[in-house]
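Labels run A, B and C following the written order; every chain starts at residue 1.
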Amino acid sequence: METLERIIAEHPFFAGLESYYTNLLTGCASNVLFDAGTYIFKEGEEANEFYLIRSGRVALEIFAPQRKPIMLATLGEGEILGWSWLLPPYLWKFHAHAVEPVRAIALDGKCLRTKCEQNHDLGYEILKRFAQIMEQRLEATRLQLLDVYAVR
Amino acid sequence: MAAQARVVLTLRQFEKLIPALHSRGYQVVGPTVRDGAIVYDVLEGISDFPVGWTDEQEAGRYRLRRRNDNALFGYVVGPQSWKKYLHPAEVRLLTAERSGHTFRILNNQPSPPRRAFLGVRACELSAIVVQDRVLQGDRYRDSIYAAHREGIFIVAVNCTQAAPTCFCTSMGTGPRVRGGCDLALTELIGPGRHEFVIEAGSDAGAEVLAELAPSSSVASESVCQEAEAAVERAASQIQRHLDTTGIRELLYTNFDHPRWDNVAQRCLTCANCTMVCPTCFCTTVEDVSDVTGTHAERWRKWDSCFAQNFSYIHGGSVRSSAKSRYRQWMTHKLASWIDQFGSSGCVGCGRCITWCPVGIDITEEVRAIRESPASSSLVSSKESSHGNS
Amino acid sequence: MIMATTTIDDPMLPQPCPVRQVVRETSDTFTLKLEAPSGAGGNWFQPGQFSMLWVFGVGELPISISGDPAERDRLVYTVRSVGQATQTLVSREVGEAVGVRGPFGTGWPVEQAQGRDVLVIAGGIGLAPLRPVIYEVLHHREKYGRLVILYGARSPRDLLYRKELAAWARQRETQVLVTVDYGGLSWRGNVGVVTTLFKYVRLQPARSMAFACGPEVMMRFVARDLETQGLTRENIYLSMERNMKCAVGFCGHCQYGPHFICKDGPIFSFDRLRPLLGKYDL
């Protein structure tokens, strides 16, 4: 637990949080390990946790009928995986596929949701941080959409 | 310019100028009437001049009209400029011949004839200097321009009238000729009088002048004053003005000015302005080969930044809208040119105003941008783009 | 801007250089290795410069030189076939001559980068004009700090110089990260635009210099992200591209604001470009 606490407290994503909150988060955290090739979560499942990737690579995939699964993006060391736990309907929108063996810290999103409802200051801090991630991902995705390397 | 005495030539004496230049091996080019305009072409004698003709110019309008005298230089500038000869519209860059797996460049460039330009206005002289800087005075030297430019004998003419489209005074280029020529003249014409006050600007010019005029025809003080007054009259007739104060910053900081949308609604991107402009220098290169594929040529031809594909790179043109192209031309001519070559690219000859089919006036466009500062809020930008700014 | 007064006569005549090797890099991209003209050593290329390649009777193209500056007998060009002229160029066979004019333009400021970490950020075929920088740094490894190569392509099939990328990754103090926009089934690497690779680099902005080349919109975002991470604009360099006909500042086609890409560029510092980059129809 002590190692977990240090990792969470020192992670840039949680920087600036009062120690009371980081303690709270640590209480909801656990170490997890995913073998290469396994799915961390699948589209449609209940989203009850999010992950802080410590090593390995995770691919976000989407499956469409009559098409092979499409890899939308990859996330690696130091990145946050998953925000669907935060907003209703609390369901995963994509598959998360461990492309390499993945070591991560899982945080209990369901537990955290309740705490955010009770403590709006905590809720605001969490939302702020996730909003920034969403913005970065959105921007990167938009650039990807541009298909800059295509020949017109 | 060498300080030379001014000389007065009678018409008869002046008529000997062209033969004098011919005898020195020059092909003489100068103004002549053709197709309802005064253009530049090879002159054989005095009768090739637009004798007794003048021009009426306004935005989008050019007509020739008969004068009530026989002045040789009684008009302003026509659609052509001397770049026709110095920076020709079509030039062959190279000829190459395939030989096996490789090719050879054939050294068969014809030399241009030695030319004398007869009738160069002050603004045109400035334009030649501007093009000299672009094509000879920068990092690389255009050998074709250099070959056509070398040894040109210039007979400059001080303007004694201005067209409504002229604005040389704003650009500091006229109407008075200030050096850079071999001979400079002012035509004085009136009832019972037709003479030319002329001075040499170089040794070559002095040598020709000595042949045309006996030394006793040195101009008197009063005749010199009359010549000065004639040029002053031209200056006083100037109607259009282009305020060049801080024009570089003005155009650089008004990239999004609504005036560009306004002019874009009028501009046809016909490229007339770039063709008549004496300083525009853009060209393109085209490849030609024969049917057997053993003989290839590369040709350089005039191009215009108004052309749709001028800025084409894979995927499309960078400047696809008329707005972006007009803005590019005007900003380059009046602002970027200063950063690139140390002076304005515009000499105030007014040709672009005259020959624009819809009469777009560069002096008016600058005024419109200057007088209504760029919108600082999003709303006013939309509102002021309707109608005239 | 007023350039040096050395005037070079007749840079408009191409020299025939025989093709010595054609390497197919991807489905539409080829690397041509030409025999350098004799006497070319006197005017050898700087990393980042380009040549005008002339196909007899067809047309001429500005192509960045992408070979090793230390190999003085070869001029190497990686060309993507996107139209008639490029298609004809890449179809040249060994032994056939290609007309070469140049080298033209400004190069990457590799000397200024000595003693610093060098970030090479490439998108698509943008890796080609950056490859000479990589060679230069690796040849004089002790003069430079860390070498970080970030490379993004459309898909795994479009990656250039795959073997070299792997070899570069094995060099000391050298980090190579690759990403693609579309991964496909068997790709196990990164997916996302090249800016998503920044987070895997431990940047020391005060001692870094970045050289980026790729589609203009990609370079815009890369430069902006680098600045956010603490690099100063004077230490970020981009390679710009515009239509070119003469490459010597006379035809007017390559103008970008007041700059002639052919002689004031193609390499510019972000400091000079920043006011221009946001204006898409400049």
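FYI, a residue touches a chain if its C-beta (ideal position, glycine included) is under 8 Å from a C-beta of that chain, and two chains touch if they have at least 3 such contacts.
If you're wondering where the values come from, they're calculated on a predicted model, not measured in any experiment.
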item: Pair with more cross-chain C-beta pairs in contact, given B-C and A-C; value: B-C
item: Chain nearest the global centroid, as defined over all protein CA atoms shown; value: C
item: Distance from the mean Cα position of chain B to that of chain A, given in whole angstrom; value: 67
item: Averaged-CA centre spacing for the pair chain C and chain B, given as whole angstrom; value: 40
item: Euclidean distance of C-alpha centroids - chain A vs chain C, Å; value: 36
item: Multi-chain contact residues (two or more partners), chain B; value: 314
item: Multi-chain contact sites of chain C, meaning residues that touch two or more partners; value: 82
item: Sequence positions of chain A contacting 2 or more other chains; value: 151
item: Chain C residues touching chain A - in the complex, by the definition given at the top; value: 28, 80, 82, 123-124, 153-154, 158, 179, 181-185, 187-193, 195-196, 199-200, 214-215, 217-218, 221
item: Residues of chain A touching chain C in the complex; value: 57, 59, 68-74, 76-79, 99-100, 139-140, 143-144, 146-151
item: Chain C-touching residues of chain B, taken from the complex the two chains share; value: 93-94, 96, 98, 101-105, 134-136, 138-143, 255, 281-285, 287-289, 293, 296, 298, 303, 305, 310-314, 318-321, 323-324, 328, 332, 335-336, 339-340, 342
item: Touch list for chain C against partner chain B, complex; value: 1-4, 6-14, 16, 18, 54, 56-60, 82-83, 95-97, 99, 241-243, 245-246, 248-253, 255, 257-258, 260, 263, 279-282
